Each structure stands twice: as C-alpha cells, then as structure tokens.
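Below, chain A partners chain B and then partners chain C, in two separate complexes.
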Partner chain A sequence: MISPATMVKRAAPVLACIGLLAIWQIASLALKHDSFPTALEAIRAIPDILGDKESLINILASLRRMAIGFGIAVLVSIPLGLLMGRSRAVAAFFNPLLMVIYPVPKAALMPIIMLWLGVGDITKTLVIFLGVSLPVIYHSFEGAKAVEEKMLWSSAAMGLSSAQRLVRIVLPAALPEILTGCRTGLVLALITMITSEMIARQSGAGNILFNALDMGQYDTVYAMIIIVGAMGICLDAVFERVRARLVRWSEPQFDIPLSFS
Partner chain B sequence: MKVVPSRSSEWVEPVTTQKPASAIIEIDRVSQIFQTSARKDHLALSDISLTIEEGAFVSILGPSGCGKSTLLYIVGGFVSPTSGAAKMKGQAITGPGPDRGPVFQEFALFPWKTVLGNVMYGPRQQGVRATEAETQSRALIEMVGLKGYESFYPKELSGGMKQRVALARTLAYHPEVLLMDEPFGALDAHTRTRLQNDLLNIWERDRKTVLFVTHSVDEAVFLSDKVVMMSKSPGRIREVIDIDLPRPRRRNELLLDPRYQKYVVDIERMFDESDEGGSAS
Partner chain C sequence: MISRVISANVLFGLAPIALVIALWQGLVSFGFAPTVLLPPPGVVFSRLLQQLVTWTFQLEIAATLIRLFAGFAIAVVLGVSIGIAAAASPAINAVVRPIVRVLAPLPKVALYPALLLLLGFGHGSKITLVTADALFPILLSTYYGASMVEQKLIWSAMAAGTPRHEILFKVVLPAAMPSILTGCRIGLVISCIVVFLAEMITSTDGLGHALVTAARTFQAVDMFVPLITISLLGLILNALLGALRSYLLRGFPEA
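The block that comes next holds the complex of A and B.
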C-alpha cells in the first residue's frame, strides 16, 4: 500500500507539467499568434521528430558530444579542485585564472575557438567542457577545503601518505559537495550543448531547433524545446539516483541519533 | 618514575642525559609561537620539558588557551614546535605515525565508512589481512560496548557512541601511546562518566601509555597516575602531581575516598590562587 503522502509526492511533478502545458494551451489559444503554436500542436510534432532517422542521428550526436565534454570535464576538474582545496600554492595559482574565466559566457568564446579548431565536434565538445569544468572545480575546491583537519590527522597517524590522503580521505569526504557541482555541471552541459549548436550549426538538437525557426516551423521549434527539457529532466533524475546511492552515508534522513551513550 | 617539569633554565642538563630507563616520550624545551596577526605573535607554549614513562596514564590539565592541546599535537607530530623537540623512544618526532594514536574531541570518524569500516581502516592500512582485521575489529567493537552496531554509519550514532568507535579505531592499530585530546569534552555529564569508567577498565587491562588532555580536575584525578598542571599566557608547566590512589579504581569508592577529595580540592585551590585566575573545572 502506498500512503496518500507518497502518492501526492509522486504525482506532484506530473501535475506541475500538466499545469504548465494547460497554461500554455490557454495562452496560445488566447493570443492566436502564428509563431506560438498550442501545446497540443507542439506535442503532436514530437513523434515526427523522434520518428525521423535524420533527426535521431542529430540528437544522438548532441548527446555524444555532451557525454564526452561532461566526462572529460569531471575527470580533470575533480582532481584539480581537490588539489586547490588542499594546497595553498595550487589555489593561489589557479584561483585568479578561474575567476577571469568564470563570468565569461562559454558560448561567447565559440567564435574564437572556431577560428582555431573549426566548426566540428572538437569545438563544441571543448565549449561543453569549459561550461562543465568551472562549477565542478569550484565545488570540489570548496569540498576539499572543508574536510575536517582532525580526520586527516587521524588517517596520517594510521600511516597514509599525503597522496593517499587526497584520494582516500579528501575525495570521499568531499564527495557530497563534488556531486552538487556535477549536478550543476550536467545542466550547464545541456545548455552549452544547445548554444554551441546554435552558433556552429552542422548537426545536433540545436541544429534542428534553429533550422526549424528559420523556416517558420514553429510547432517543431516548440517540440524541440519540450524534447530538450525532457532530456534535462531524465538526465537529472538518473544523476540524482546515482548521487543518492553514492552519498547515502551523508543524507539527512540518517540524522536520527539513537538514544544510547 | 619521573615526570620532570623544567620551568626555567636552572634545569641545565636536558632530560636526555638522565633519562629514566622506561621513558617513552621526552619533551625537551618546547616552545610554540603562533602568529595571530601580521605583527602580533602569541606564545602558546613556553619552554616545556616533560618526560613520560612507559605505561603511565598522564593528564595534562589546564584552562582553555593554555596550549595543552598544542602540546599533544606536537607529540602526535601534527604540529611542529617553533623551538625544542619531542622524542618518542629516543627518536625525534618529525610527523604522525601509528606508534602514537590520537583520539580527538571531534571524533573525526570517516563518515562514509560504517563502524566496522572505521575500526578496520588502520589495521588494513598496516597490511593486516582483511579477515584477520575484521575479526580483531569486531572484538574491539564488542569491547567498547557497540556489538550490534557494526554496520551503522557515524551519522546514525550518538556522540558517546561515536567516541567509542573513535577509541576502538585507534586501539585497532596498536599504538604504543594513546593521545587523547579532551575526548569526552563534547559529551553530556552522564555519558562522560560512563566513558571515563569504560576507558579506565580498558586501560587497566593492558596499561598502554596515555597522554590525556582535559580541563576537568575530577576527570584528571580519577583517571591519572600523574597530573601535569599548566598555566596560560604563556603556556607553562605549573606543577606535576603524582596521584597515589590504588587501582583498579571504582568511581563509587573513589568519590568517598578522602585522598581523592584532597587531590581535587588541592588542585582546584592551586588554580584559584594563580594570578591568571584561570579556573580549571
């Protein structure tokens, strides 16, 4: 038996989506504008896109670039962030560098990168990499800085070298914070994926979207927005499951001390 | 049988030349200066010399800010003294090592490891085989009274239970000296009393050397063979008092013992008389 409270909790996101679509439908019917199709029209266009081989190839190409960009970014950013968090010298070197790059929209760098690397996969993957790196570095840095010193001392007394402490103590201790950064990074990967394809059109989900916009196929434009949104929700849901598994030990619902000294 | 305080330079020969046969830790004219701001230095420890014999339970007692924890960290190798040196079995202490096991007030457990995982961590690091480490660790967990909690995470435990795990985790890699830094300071009075009793029972079995930092006079007298009284600003050794009370000690007997009461009253009076006005209880 599912309790009423759980039912409400599970139904809530579905209800929110239906509500949003309903508002869209009403607004569209009220405005009667050519460039603003109704929600139903947009939804009806989705099977056409997903049924089309060409479109699927485009979307898969996007996802592949995103996965590669995100993967490399995480592999580089976590060690760098952890090193920055535990070494003042490393932090002093990289911090100003990152502060300069952080506020620059990564898509704004695309034209420059395109000059060097062309309009292909490398450029787009590099932009995604840049977009994901900064939040992951930042959160890894903060997580590593916050590791309790006495925990490191305890492990040093057991004979762990400083390199072993970084991998076996700082990394797991900072993992909840690191994964928060990765979650932000995942959303940014999706955003930079689409914007990179907007600037360098060649293939990808963004390519379908902006081509349809040029040709005035507004139902396809809105259908693509729904598809990208749904991709975001799915990726986040999968990530959240993995995250919850990895850091079960730090979850607040565990915070019920037993009455025993 | 000597814990030698050297409060001034009149102790010309350092302890090394006359060290007792059973000395395990020698602290030789250690001073520690912390830079509190760009121009101000704070003298946390001033010219501390102390010898601790093997198998003794020695408490360092003093008001907060007297540098007693810093002294413990220097012995642990976690902090390097500004001048002077600490030695373990005649070897200069240059860093942490498994021969000196710390237990901190903050517990410092590994939150991503279960109780068993925490206790096994040290032996595994020392190269003990997994099955053997597990058997030993389970026995230790039982000894500290946590049988049945092996698969719990630190978050699921109360403060007293966490400190029991921390003690078992340190005992698991068989350090020769236990360095306890106000281990019961974060616990409520009832829990603290229970842990003091249990620590004493465990200690009276194998009599490991213990260096125990506390600001509680009762705790120091109840547990120790020797109490090193410190005064603050700068941190100096004020007095070293032998606690000549029979072992095994039972709390209910000891609290009624006039000798115990006299130690407590005398030490409290000495702290009250000190011009810093540092109350130590």
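The block that comes next holds the complex of A and C.
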C-alpha cells in the first residue's frame, strides 16, 4: 500500500508542472500579448510538430548527437578523473589546464570549430563532448580522492595490482560521485546541443525553435520550448532511476546541478 | 621546502598549457593548418592587447559586464532568499521543492526565444536568461547549507534570547555562508558563459556579438579575441570571488 504522504510526494512534480502551466495560462490571458500564446495553444501545437516527419527526424538527429557526445565524454572522462584522484602527479599535470578551460563557453567554440570541421555532425558532437567532459572529470576526481586509504591498503596487501585496484576498489567507491557528475553532464549535454543548434542553424531542435521564431509561428516556438523542457525533465528522471539502481547502497545525495555550458 | 614542492607542482601544471600553445604554434608553422583558419598564438595575443585599448571593444566588454552583473546579482538575491525561506519553513519547502525539481533540469537556453519575444532584443532578455541559469545552483546550495545548520546553534541562540527573525541573520546565514559562496561561484561561471551565448545567438553588441560578426566575415583572429576575453573575465571574476570568500570566511575552520 502506498501511504497518502508518499502519494503526495510522488505527485508533487506533476502538480508543479500543472501549476506552472496554469500560471503561464493566466499570465498570457492577462497580458494579451500577440507573441505570447496561452499554454493551451502551445500544447495544442505539440502534436503538429511531433507528427511532422521532418521535424521528428531533426529532433531525433539532435538526440543522436547528444547521445554520442555524452557517451564518448563519459568513457574518456571517468578514467581520467579517477587517475587524477589517485595520482598526485596526474592531478598536478591536468588541473591548471582544466581550470583554464573551465570558464570557456564550450558552445562558443562552435564558430571556430565550424571553420575547421564544417557545420556537420562532427562539430556539434565535439562541442557536446567538450561540454560534458568537465563536470564528469571533476566529480570523478573528487570521488576518487575521497576513497578510504584503508581499503586500498588492504586490497594491495591481498595482491591486487594498481590497475586492478582502480577498477575494483576506486571505481565502485567513487560511483555515487561519478553518477552525480554524469547527471550534471546529461543536463549539460542537452543545453549544449540546443545552443550549438541555435548558433549553427542548420538542423536539429534548436533550429526548429529559431526558424519558427523568424517566421513568426509563435505557437511552434512555445511548443518546442515545452518539448525541449520535457526532454530535460524526462532524461533527468530516467537517469535518477538508473542511479538509484546502481548505487542503492549509498545515501541519496542532494546534488547541485552545475549547468554551465 | 614546502614552497619548492609547490613551485615544482606549478611548473608541472604549466607544462600542458605550454604544450597546447606549442602544439598550436606547431600546427601553424609546419603548415598543417592554414593561417586563415588557425592564426598563430602570437598574432592572436597581440591582437587581443591591441583590441583591449580600443574604445569600441571596451564598449562591447562593458555591455557584456552590465548584463552579467545584473543577471548574477538578481540570481544571488533571489536564490539566497528563496533557499533560506525553503530551509526555514516546511510550507514554503513543500511548494518550492517540486517546482525546483521541474525547473532545474530544464535547459534554460530554450526559453531564450520566448524571452526575446516578451522582453525584446535589448538587455532585458539577456539579463533574465542569465538570472534563470545562475539561480538554481545558488538556490540549491543555499538551501543545502541552511538546512545543514546545526540545531544546537539555533537552540543556544534562542536560549540566549535572540528573537526569531534575528536568528536568521545572525546564525543561519553566517553558518550557511560557505555553501552559499560555493553556489555563487558556480553561478558566476555560468553567468559568464550564458551571457556570451545569449549574445552570440542574437544581439547587437557585446563580446558574443563580436565573435559572431568576426565569424560571418571569416576573421579568424577576431574570433579568438572575444573568446579569450570572456574566458579571462571568467577567471578574473572567479579569483575575485575567491578573495571575497576567504575574506568573508575568515575564522571558519576550513575555508
């Protein structure tokens, strides 16, 4: 049996969504602005977008780029972060470089990378990769640094080589922290994806958004905003599920999404 | 002895940065990348210095900085007050928590077209976008910090006769300060990035606009200049906030 309290807790995000949409509806009715359609009008425009084959292909292409960029970034960043956390020399080597890269707006590299690699998928995937890497490296680094020395000593005493220790002790111990980084990275991947498509308007979800803006189809603009927002919320929720599965043993962590693109 | 270890570490850390610049220079001088696409580092940095003293470029920087600070300041005020209110009152918490859960993972940049329609192409839309992006890290870390304040501290303040509303300013806020400042730091870097992106997407002035203009006219050198400027601004502001942090947190056990 689900108690009423947990039911309220589960329904709270849904209620929040409905509340926000209601505020939107009231605000647009009150303002009567030409370019500010009501929430209902925007929601009504969603099926048109999702039913249109071309925009669907565009959105799927965006998601594919995001998945590839995110996947590669995670595969590269976790080992690097773990190594940095366990070896002082590696950390001293990479830290200043990462600190310099940190405030660079990754999506702003688009125009420069476009000069070299063209406007295609490679450029956008590369930008997403750059955007995702930093938080994942940072969190893996922090997680690996916090691993208890005693566990490493005892595993060393039991004859594990340093590479084995990294995979069998450090990786699981740092997993909660790594997954926090991945969650941040996932949100970032979505942000970078949209931004990169807004800057290089050629295809993708960000392109639909701005094309509609240029053509004055305001319903479509707001409907796309809802779709993109829903993508963010769904990805986050799914990831949270996976995370809860993988690290059932660790305390659910209250994490700060570092959403820098 | 210790200082020697530190300086060795610093030298070690500078190596990859030097390596990147050397690689950059190497790519150009050995002809792998044409200068039109990848100008040599020396040219870029001298162009940066030359631009920094011109009036037009300073105006671009000023436009960007105004938006950056306005957006960040609003985000700090809103984030800290909502965060503390949510930590202090269960009723507010029940309302704020689900809304934050929905809005935090939402890519704020997608709201930018709507903001353009509602607030126009000027400062308003960009400042709002910066606020929206910087708000959540500050809000969440304030909430986290304020709800972790030791109950004993509050009880002893109450026992000493501090009125309820003063406890907020005298106990909770200072105790949550380290966490709030961490949130501000993240928010500041986000602000830098977002203001630049917003200016790149649509603007008539600012550093982001300078980059896009250079890109449209294929001036590779001028594309690097605003990018390096905004990154330097990010590093400088970050350092300033770090200094403010160590000033505000003097006396804390681990600041």
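Structure notes:
Note that in this section the second predicted complex is superposed on the first by the 250 of 261 C-alpha atoms of A that agree within 3 Å, B and C clash if a C-alpha of one lies under 4 Å from a C-alpha of the other, contacts with A are read in each partner's own complex, and residues count from 1 in each chain.
One rule holds in what follows: a contact is a pair of C-beta atoms (placed from the backbone, for glycine too) under 8 Å apart; a residue touches a chain by one contact, two chains touch by 3 or more.
Fair warning: this is a prediction, and the values are worked out from it, not measured in the lab.
Of the two partner chains placed by the overlay, neither chain B nor chain C lies in contact with A:47. Of the two partner chains placed by superposition, only chain C is touched by A:232; chain B is not. Once the two complexes are laid over each other on the shared chain, residue contacts for A:109 go to chain C alone; chain B is not touched. Once the two complexes are laid over each other on the shared chain, residue contacts for A:172 go to chain B alone; chain C is not touched.
One of chain B and chain C touches more residues of chain A, and that partner is C. Contact with chain B, but none with chain C, is seen for A:159 once the two complexes are overlaid on the shared chain. Once the two complexes are laid over each other on the shared chain, residue contacts for A:150 go to chain B alone; chain C is not touched. In the overlay built on the shared chain, the residue A:120 is in contact with neither chain B nor chain C.
Residues 254, 256-261 of chain A are contacted both by chain B in one complex and by chain C in the other. Remark: chain A residues 148, 150-151, 153-160, 169, 172-173, 175, 247, 249-250, 254-261 touch chain B in the complex. Across the interface of their complex, chain A is touched by residues 9-10, 12-17, 20, 33, 37-38, 94, 97-99, 101-114, 116-118, 133, 136-137, 140-141, 144, 182-183, 186, 189-190, 192-194, 196-197, 200-201, 208, 211-212, 214-215, 218, 220, 223-224, 227, 230-231, 233-235, 238 of chain C. The residues of chain A lying in touch with chain C in their complex are 12-13, 15-17, 19-20, 33, 35-36, 89, 92-97, 99-100, 102-109, 111-112, 114-116, 187, 190-191, 194-195, 198-199, 206, 209-210, 212-213, 218, 221-222, 224-225, 228-229, 232-233, 235-236, 254, 256-261. Within the complex formed with chain A, the chain B residues making contact are 73, 76, 78, 95-98, 100-102, 104, 106, 108-113, 121-122, 125-126, 153-161, 169-170, 173, 175, 187, 190-191, 194-195.
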